[in-house]
Amino acid sequence: MPIATIKLLEGRTDTQKKKLVETVTKAIQDAIGASPENITVVLEEMQRTHYAVGGIRASDK
Amino acid sequence: MPIATIKLLEGRTDTQKKKLVETVTKAIQDAIGASPENITVVLEEMQRTHYAVGGIRASDK
Amino acid sequence: MPIATIKLLEGRTDTQKKKLVETVTKAIQDAIGASPENITVVLEEMQRTHYAVGGIRASDK
Amino acid sequence: MPIATIKLLEGRTDTQKKKLVETVTKAIQDAIGASPENITVVLEEMQRTHYAVGGIRASDK
Amino acid sequence: MPIATIKLLEGRTDTQKKKLVETVTKAIQDAIGASPENITVVLEEMQRTHYAVGGIRASDK
Amino acid sequence: MPIATIKLLEGRTDTQKKKLVETVTKAIQDAIGASPENITVVLEEMQRTHYAVGGIRASDK
(Lines give C-alpha, C1' and ligand atoms only; values in the text may rest on other atoms or scores of the structure.)
Protein backbone atom coordinates (compact mmCIF):
# COMPACT_ATOMS: atom_id res chain seq x y z
CA MET A 1 0.00 0.00 0.00
CA PRO A 2 2.90 2.46 -0.26
CA ILE A 3 2.09 5.82 -1.86
CA ALA A 4 5.09 7.72 -3.18
CA THR A 5 4.74 11.37 -4.15
CA ILE A 6 7.69 12.87 -5.99
CA LYS A 7 7.96 16.61 -6.44
CA LEU A 8 10.35 17.58 -9.20
CA LEU A 9 11.14 20.71 -11.16
CA GLU A 10 9.24 21.07 -14.41
CA GLY A 11 11.07 20.24 -17.60
CA ARG A 12 11.57 16.50 -17.55
CA THR A 13 10.61 14.62 -20.71
CA ASP A 14 7.74 12.16 -20.80
CA THR A 15 10.28 9.36 -21.25
CA GLN A 16 12.08 10.42 -18.07
CA LYS A 17 8.81 10.52 -16.14
CA LYS A 18 7.83 7.08 -17.39
CA LYS A 19 11.20 5.71 -16.36
CA LEU A 20 10.95 7.48 -13.01
CA VAL A 21 7.69 5.84 -11.98
CA GLU A 22 9.01 2.47 -13.14
CA THR A 23 12.31 2.65 -11.27
CA VAL A 24 10.78 4.04 -8.09
CA THR A 25 8.09 1.35 -8.10
CA LYS A 26 10.79 -1.30 -8.54
CA ALA A 27 12.89 0.27 -5.77
CA ILE A 28 10.00 0.16 -3.29
CA GLN A 29 9.24 -3.43 -4.28
CA ASP A 30 12.86 -4.48 -3.76
CA ALA A 31 13.32 -2.66 -0.47
CA ILE A 32 10.22 -3.67 1.43
CA GLY A 33 8.70 -6.51 -0.57
CA ALA A 34 5.46 -4.76 -1.49
CA SER A 35 3.57 -6.16 -4.48
CA PRO A 36 3.79 -3.82 -7.48
CA GLU A 37 -0.01 -3.58 -7.79
CA ASN A 38 -0.08 -2.09 -4.29
CA ILE A 39 2.44 0.63 -5.07
CA THR A 40 1.18 4.03 -6.19
CA VAL A 41 3.47 6.73 -7.55
CA VAL A 42 2.37 10.33 -8.10
CA LEU A 43 4.54 12.97 -9.77
CA GLU A 44 4.10 16.65 -8.97
CA GLU A 45 5.89 19.17 -11.11
CA MET A 46 7.03 22.40 -9.52
CA GLN A 47 7.39 25.58 -11.53
CA ARG A 48 10.82 27.18 -11.16
CA THR A 49 9.11 30.23 -9.64
CA HIS A 50 7.56 27.99 -6.98
CA TYR A 51 10.65 26.29 -5.58
CA ALA A 52 13.34 27.88 -3.42
CA VAL A 53 16.32 26.79 -1.37
CA GLY A 54 17.82 29.36 0.97
CA GLY A 55 15.12 31.82 -0.04
CA ILE A 56 16.27 31.92 -3.67
CA ARG A 57 13.93 30.47 -6.26
CA ALA A 58 15.18 28.23 -9.05
CA SER A 59 13.88 30.89 -11.46
CA ASP A 60 15.97 33.63 -9.87
CA LYS A 61 19.35 31.93 -10.08
CA MET B 1 -10.22 22.21 11.70
CA PRO B 2 -10.02 19.20 9.38
CA ILE B 3 -8.18 19.77 6.09
CA ALA B 4 -9.01 17.25 3.37
CA THR B 5 -6.83 17.07 0.26
CA ILE B 6 -8.19 14.93 -2.56
CA LYS B 7 -5.97 13.94 -5.45
CA LEU B 8 -7.91 12.81 -8.49
CA LEU B 9 -7.19 12.20 -12.14
CA GLU B 10 -7.83 15.16 -14.42
CA GLY B 11 -11.01 15.15 -16.46
CA ARG B 12 -13.82 15.61 -13.95
CA THR B 13 -16.39 18.27 -14.80
CA ASP B 14 -16.81 21.41 -12.75
CA THR B 15 -20.18 20.09 -11.58
CA GLN B 16 -18.54 16.90 -10.30
CA LYS B 17 -15.88 18.88 -8.45
CA LYS B 18 -18.51 21.13 -6.87
CA LYS B 19 -20.46 18.10 -5.75
CA LEU B 20 -17.29 16.43 -4.50
CA VAL B 21 -16.33 19.26 -2.12
CA GLU B 22 -19.93 19.43 -0.89
CA THR B 23 -20.33 15.72 -0.20
CA VAL B 24 -16.92 15.34 1.39
CA THR B 25 -17.53 18.34 3.65
CA LYS B 26 -20.86 16.85 4.68
CA ALA B 27 -19.26 13.45 5.27
CA ILE B 28 -16.62 14.91 7.60
CA GLN B 29 -19.29 16.90 9.43
CA ASP B 30 -21.44 13.79 9.92
CA ALA B 31 -18.59 11.52 10.99
CA ILE B 32 -16.80 13.64 13.54
CA GLY B 33 -19.14 16.52 14.29
CA ALA B 34 -16.92 19.30 12.95
CA SER B 35 -18.62 22.57 12.05
CA PRO B 36 -18.74 23.11 8.29
CA GLU B 37 -16.96 26.47 8.52
CA ASN B 38 -13.98 24.66 10.04
CA ILE B 39 -13.72 22.13 7.22
CA THR B 40 -11.37 22.86 4.33
CA VAL B 41 -11.33 20.78 1.15
CA VAL B 42 -8.61 21.08 -1.49
CA LEU B 43 -8.72 19.25 -4.83
CA GLU B 44 -5.52 18.38 -6.67
CA GLU B 45 -5.78 17.11 -10.22
CA MET B 46 -3.21 14.62 -11.43
CA GLN B 47 -2.28 14.38 -15.09
CA ARG B 48 -2.57 10.85 -16.46
CA THR B 49 1.18 10.93 -17.16
CA HIS B 50 1.81 11.68 -13.48
CA TYR B 51 -0.06 8.83 -11.81
CA ALA B 52 0.95 5.17 -11.78
CA VAL B 53 -0.08 1.97 -10.06
CA GLY B 54 2.28 -0.98 -10.34
CA GLY B 55 4.69 1.18 -12.29
CA ILE B 56 2.25 1.72 -15.17
CA ARG B 57 0.93 5.23 -15.67
CA ALA B 58 -2.75 5.90 -16.37
CA SER B 59 -1.61 7.40 -19.68
CA ASP B 60 0.19 4.23 -20.74
CA LYS B 61 -2.67 1.78 -20.29
CA MET C 1 -7.95 6.32 -8.20
CA PRO C 2 -8.74 9.20 -5.84
CA ILE C 3 -6.48 9.53 -2.79
CA ALA C 4 -7.96 11.56 0.08
CA THR C 5 -5.74 12.70 2.92
CA ILE C 6 -7.53 14.15 5.93
CA LYS C 7 -5.60 16.03 8.57
CA LEU C 8 -7.50 16.33 11.85
CA LEU C 9 -6.68 17.28 15.40
CA GLU C 10 -5.78 14.36 17.65
CA GLY C 11 -8.42 13.11 20.04
CA ARG C 12 -11.05 11.45 17.86
CA THR C 13 -12.17 7.99 18.91
CA ASP C 14 -11.47 4.93 16.83
CA THR C 15 -15.20 4.70 16.10
CA GLN C 16 -15.18 8.25 14.72
CA LYS C 17 -12.18 7.50 12.54
CA LYS C 18 -13.77 4.33 11.20
CA LYS C 19 -16.94 6.25 10.38
CA LEU C 20 -14.90 9.04 8.82
CA VAL C 21 -13.14 6.82 6.30
CA GLU C 22 -16.44 5.14 5.47
CA THR C 23 -18.43 8.34 4.91
CA VAL C 24 -15.67 10.06 2.96
CA THR C 25 -15.22 7.02 0.71
CA LYS C 26 -18.98 6.97 0.09
CA ALA C 27 -19.00 10.73 -0.59
CA ILE C 28 -16.27 10.42 -3.23
CA GLN C 29 -18.05 7.47 -4.80
CA ASP C 30 -21.34 9.40 -4.98
CA ALA C 31 -19.83 12.62 -6.30
CA ILE C 32 -17.61 11.35 -9.09
CA GLY C 33 -18.62 7.75 -9.62
CA ALA C 34 -15.32 6.18 -8.61
CA SER C 35 -15.41 2.50 -7.62
CA PRO C 36 -14.88 2.07 -3.88
CA GLU C 37 -11.91 -0.26 -4.38
CA ASN C 38 -10.13 2.57 -6.19
CA ILE C 39 -10.62 5.07 -3.35
CA THR C 40 -7.87 5.44 -0.75
CA VAL C 41 -8.35 7.45 2.45
CA VAL C 42 -5.47 8.36 4.76
CA LEU C 43 -5.96 10.05 8.14
CA GLU C 44 -3.23 12.22 9.62
CA GLU C 45 -3.59 13.36 13.21
CA MET C 46 -2.15 16.72 14.19
CA GLN C 47 -0.99 17.39 17.73
CA ARG C 48 -2.56 20.52 19.21
CA THR C 49 0.93 22.01 19.47
CA HIS C 50 1.39 21.50 15.74
CA TYR C 51 -1.68 23.28 14.37
CA ALA C 52 -2.29 27.03 14.31
CA VAL C 53 -4.73 29.48 12.79
CA GLY C 54 -3.79 33.16 12.89
CA GLY C 55 -0.49 32.22 14.51
CA ILE C 56 -2.16 30.79 17.62
CA ARG C 57 -1.83 27.07 18.19
CA ALA C 58 -4.79 24.96 19.27
CA SER C 59 -2.78 24.14 22.39
CA ASP C 60 -2.36 27.80 23.32
CA LYS C 61 -6.01 28.82 23.25
CA MET D 1 16.35 20.51 6.75
CA PRO D 2 12.90 22.10 7.08
CA ILE D 3 10.64 21.79 4.04
CA ALA D 4 7.78 24.31 3.92
CA THR D 5 4.95 23.81 1.47
CA ILE D 6 2.57 26.72 1.10
CA LYS D 7 -0.74 26.29 -0.66
CA LEU D 8 -2.27 29.56 -1.77
CA LEU D 9 -5.03 30.65 -4.10
CA GLU D 10 -3.91 31.44 -7.63
CA GLY D 11 -3.55 35.08 -8.58
CA ARG D 12 -0.54 36.33 -6.64
CA THR D 13 2.05 38.25 -8.63
CA ASP D 14 5.54 36.95 -9.19
CA THR D 15 6.85 39.71 -6.93
CA GLN D 16 4.57 38.53 -4.12
CA LYS D 17 5.70 34.94 -4.56
CA LYS D 18 9.36 35.96 -4.52
CA LYS D 19 8.79 37.94 -1.35
CA LEU D 20 6.83 35.07 0.16
CA VAL D 21 9.62 32.52 -0.18
CA GLU D 22 12.11 35.06 1.16
CA THR D 23 10.11 36.04 4.24
CA VAL D 24 9.10 32.48 5.09
CA THR D 25 12.71 31.28 4.77
CA LYS D 26 13.80 34.11 7.06
CA ALA D 27 11.01 33.30 9.53
CA ILE D 28 12.06 29.66 9.78
CA GLN D 29 15.68 30.68 10.19
CA ASP D 30 14.83 33.10 12.99
CA ALA D 31 12.49 30.75 14.83
CA ILE D 32 14.52 27.56 14.93
CA GLY D 33 18.01 28.56 13.90
CA ALA D 34 18.16 26.51 10.71
CA SER D 35 20.75 27.57 8.13
CA PRO D 36 19.12 29.16 5.09
CA GLU D 37 20.74 26.68 2.67
CA ASN D 38 18.93 23.89 4.51
CA ILE D 39 15.49 25.50 4.16
CA THR D 40 13.32 24.54 1.19
CA VAL D 41 10.10 26.39 0.33
CA VAL D 42 7.60 25.10 -2.22
CA LEU D 43 4.57 27.08 -3.37
CA GLU D 44 1.44 25.31 -4.62
CA GLU D 45 -1.25 27.38 -6.27
CA MET D 46 -4.84 26.29 -5.88
CA GLN D 47 -7.43 27.09 -8.52
CA ARG D 48 -10.48 28.82 -7.06
CA THR D 49 -12.58 25.85 -8.23
CA HIS D 50 -10.34 23.54 -6.19
CA TYR D 51 -10.54 25.16 -2.76
CA ALA D 52 -13.54 25.18 -0.43
CA VAL D 53 -14.33 26.12 3.14
CA GLY D 54 -17.64 24.94 4.55
CA GLY D 55 -18.35 23.14 1.29
CA ILE D 56 -18.38 26.37 -0.75
CA ARG D 57 -15.62 26.85 -3.26
CA ALA D 58 -13.80 30.18 -3.62
CA SER D 59 -15.10 30.24 -7.20
CA ASP D 60 -18.73 29.93 -6.11
CA LYS D 61 -18.80 32.83 -3.67
CA MET E 1 -6.57 31.09 2.83
CA PRO E 2 -2.93 30.02 2.70
CA ILE E 3 -2.09 26.68 4.30
CA ALA E 4 1.56 26.22 5.24
CA THR E 5 2.86 22.78 6.14
CA ILE E 6 6.35 22.68 7.61
CA LYS E 7 8.20 19.40 7.92
CA LEU E 8 11.07 19.56 10.38
CA LEU E 9 13.29 17.08 12.16
CA GLU E 10 12.08 16.06 15.60
CA GLY E 11 13.74 17.64 18.59
CA ARG E 12 12.66 21.27 18.56
CA THR E 13 11.36 22.65 21.85
CA ASP E 14 7.78 23.71 22.33
CA THR E 15 8.96 27.32 22.57
CA GLN E 16 10.66 27.02 19.17
CA LYS E 17 7.54 25.53 17.62
CA LYS E 18 5.35 28.28 19.06
CA LYS E 19 7.73 30.91 17.69
CA LEU E 20 7.86 29.10 14.35
CA VAL E 21 4.11 29.23 13.74
CA GLU E 22 4.04 32.87 14.82
CA THR E 23 6.88 34.03 12.59
CA VAL E 24 5.72 32.06 9.57
CA THR E 25 2.18 33.39 9.94
CA LYS E 26 3.57 36.92 10.14
CA ALA E 27 5.80 36.30 7.12
CA ILE E 28 2.87 35.15 4.98
CA GLN E 29 0.79 38.11 6.14
CA ASP E 30 3.57 40.55 5.24
CA ALA E 31 4.39 39.01 1.88
CA ILE E 32 0.95 38.61 0.35
CA GLY E 33 -1.37 40.61 2.57
CA ALA E 34 -3.46 37.68 3.82
CA SER E 35 -5.43 38.24 7.03
CA PRO E 36 -3.93 36.27 9.94
CA GLU E 37 -7.23 34.49 10.66
CA ASN E 38 -7.05 33.03 7.15
CA ILE E 39 -3.57 31.62 7.58
CA THR E 40 -3.17 28.03 8.76
CA VAL E 41 0.17 26.56 9.78
CA VAL E 42 0.73 22.85 10.36
CA LEU E 43 3.97 21.39 11.72
CA GLU E 44 5.00 17.85 10.88
CA GLU E 45 7.92 16.32 12.75
CA MET E 46 10.11 13.83 10.95
CA GLN E 47 11.98 11.12 12.83
CA ARG E 48 15.69 11.07 12.04
CA THR E 49 15.24 7.55 10.66
CA HIS E 50 12.62 8.89 8.23
CA TYR E 51 14.54 11.69 6.55
CA ALA E 52 17.39 11.30 4.07
CA VAL E 53 19.40 13.47 1.71
CA GLY E 54 21.55 11.70 -0.85
CA GLY E 55 20.25 8.38 0.39
CA ILE E 56 21.74 8.83 3.87
CA ARG E 57 19.32 9.24 6.74
CA ALA E 58 19.82 11.86 9.44
CA SER E 59 20.03 8.98 11.91
CA ASP E 60 22.86 7.29 10.03
CA LYS E 61 25.26 10.21 9.89
CA MET F 1 15.95 18.97 -6.23
CA PRO F 2 13.43 16.12 -6.19
CA ILE F 3 11.58 15.55 -2.91
CA ALA F 4 10.07 12.08 -2.53
CA THR F 5 7.57 11.43 0.25
CA ILE F 6 6.67 7.79 0.80
CA LYS F 7 3.70 6.85 2.94
CA LEU F 8 3.82 3.26 4.12
CA LEU F 9 2.03 1.19 6.71
CA GLU F 10 3.77 1.01 10.08
CA GLY F 11 5.70 -2.13 10.89
CA ARG F 12 8.73 -2.07 8.60
CA THR F 13 12.08 -2.69 10.24
CA ASP F 14 14.76 -0.04 10.45
CA THR F 15 16.83 -2.06 7.99
CA GLN F 16 13.97 -2.01 5.47
CA LYS F 17 13.55 1.75 5.88
CA LYS F 18 17.27 2.33 5.40
CA LYS F 19 17.23 0.21 2.25
CA LEU F 20 14.10 1.97 1.05
CA VAL F 21 15.60 5.46 1.14
CA GLU F 22 18.74 4.15 -0.53
CA THR F 23 17.00 2.35 -3.39
CA VAL F 24 14.52 5.16 -4.03
CA THR F 25 17.31 7.74 -4.09
CA LYS F 26 19.22 5.57 -6.56
CA ALA F 27 16.08 5.08 -8.67
CA ILE F 28 15.49 8.83 -8.95
CA GLN F 29 19.15 9.40 -9.80
CA ASP F 30 19.06 6.76 -12.54
CA ALA F 31 15.76 7.89 -14.05
CA ILE F 32 16.27 11.63 -14.30
CA GLY F 33 19.97 12.19 -13.69
CA ALA F 34 19.60 14.20 -10.48
CA SER F 35 22.66 14.36 -8.24
CA PRO F 36 22.18 12.30 -5.07
CA GLU F 37 22.90 15.28 -2.80
CA ASN F 38 19.89 17.04 -4.37
CA ILE F 39 17.49 14.17 -3.66
CA THR F 40 15.46 14.22 -0.45
CA VAL F 41 13.43 11.24 0.73
CA VAL F 42 10.91 11.45 3.58
CA LEU F 43 9.13 8.40 5.01
CA GLU F 44 5.72 8.75 6.65
CA GLU F 45 4.33 5.78 8.54
CA MET F 46 0.59 5.28 8.58
CA GLN F 47 -1.12 3.53 11.46
CA ARG F 48 -3.32 0.65 10.32
CA THR F 49 -6.31 2.52 11.77
CA HIS F 50 -5.49 5.50 9.56
CA TYR F 51 -5.37 3.87 6.14
CA ALA F 52 -8.35 2.56 4.15
CA VAL F 53 -9.06 1.28 0.67
CA GLY F 54 -12.70 0.95 -0.32
CA GLY F 55 -13.73 2.37 3.04
CA ILE F 56 -12.19 -0.53 4.98
CA ARG F 57 -9.21 0.24 7.16
CA ALA F 58 -6.15 -2.03 7.23
CA SER F 59 -6.90 -2.53 10.93
CA ASP F 60 -10.44 -3.78 10.25
CA LYS F 61 -9.57 -6.52 7.76
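Lettered A, B, C, D, E and F in written order, each chain numbered from 1.
Simple rule for what comes next: a contact is a pair of C-beta atoms (placed from the backbone, for glycine too) under 8 Å apart; a residue touches a chain by one contact, two chains touch by 3 or more.
As the structure is a prediction and not an experimental result, all values here were calculated from the model.
Student: Which other chains touch chain B while also touching chain E?
Tutor: C, D
Student: Spell out the chains that contact chain B while also contacting chain F.
Tutor: Chains in contact with chain B as well as chain F: A, C, D, E.
Student: When chain D meets its copy chain E, do both sides use mostly the same residue numbers (more than half shared) or mostly different ones?
Tutor: At the contact between chain D and chain E, which are copies of one sequence, the residues are largely the same (over half shared).
Student: Using CA atom averages as chain centres, what separation in Å is found between chain A and chain E?
Tutor: Those two chain centres are 22 Å apart.
Student: Once you find the CA centre of chain D and the CA centre of chain F, what distance in Å lies between them?
Tutor: 24
Student: At what distance in angstrom does the C-alpha mean of chain F lie from that of chain A?
Tutor: A distance of 12 Å separates the two centres.
Student: Tell me, which residues of chain D touch at least two other chains?
Tutor: In chain D, the residues touching two or more other chains are 1, 3, 7, 22, 26, 40, 42, 51, 53.
Student: If we use the touch criterion from the header, which chain pairs count as touching?
Tutor: Result for touching pairs of chains: A-B, A-C, A-D, A-F, B-C, B-D, B-E, C-E, C-F, D-E, D-F, E-F.
Student: For the complex, give me every residue of chain A touching chain C.
Tutor: The contact residues of chain A facing chain C are 3, 40, 42.
Student: Would you mind writing out the residues of chain E in touch with chain D in their complex?
Tutor: These residues of chain E touch chain D: 1-9, 12, 16, 19-20, 22-24, 26-28, 30-32, 34, 46, 51, 53, 58.
Student: So in the complex, which bits of chain C are touching chain E?
Tutor: It is residues 7, 46, 49-55, 57, 60 of chain C that touch chain E.
Student: Mind pulling up the chain C residues that touch chain F in the complex?
Tutor: 14, 17-18, 21-22, 25-26, 36-37, 39-45
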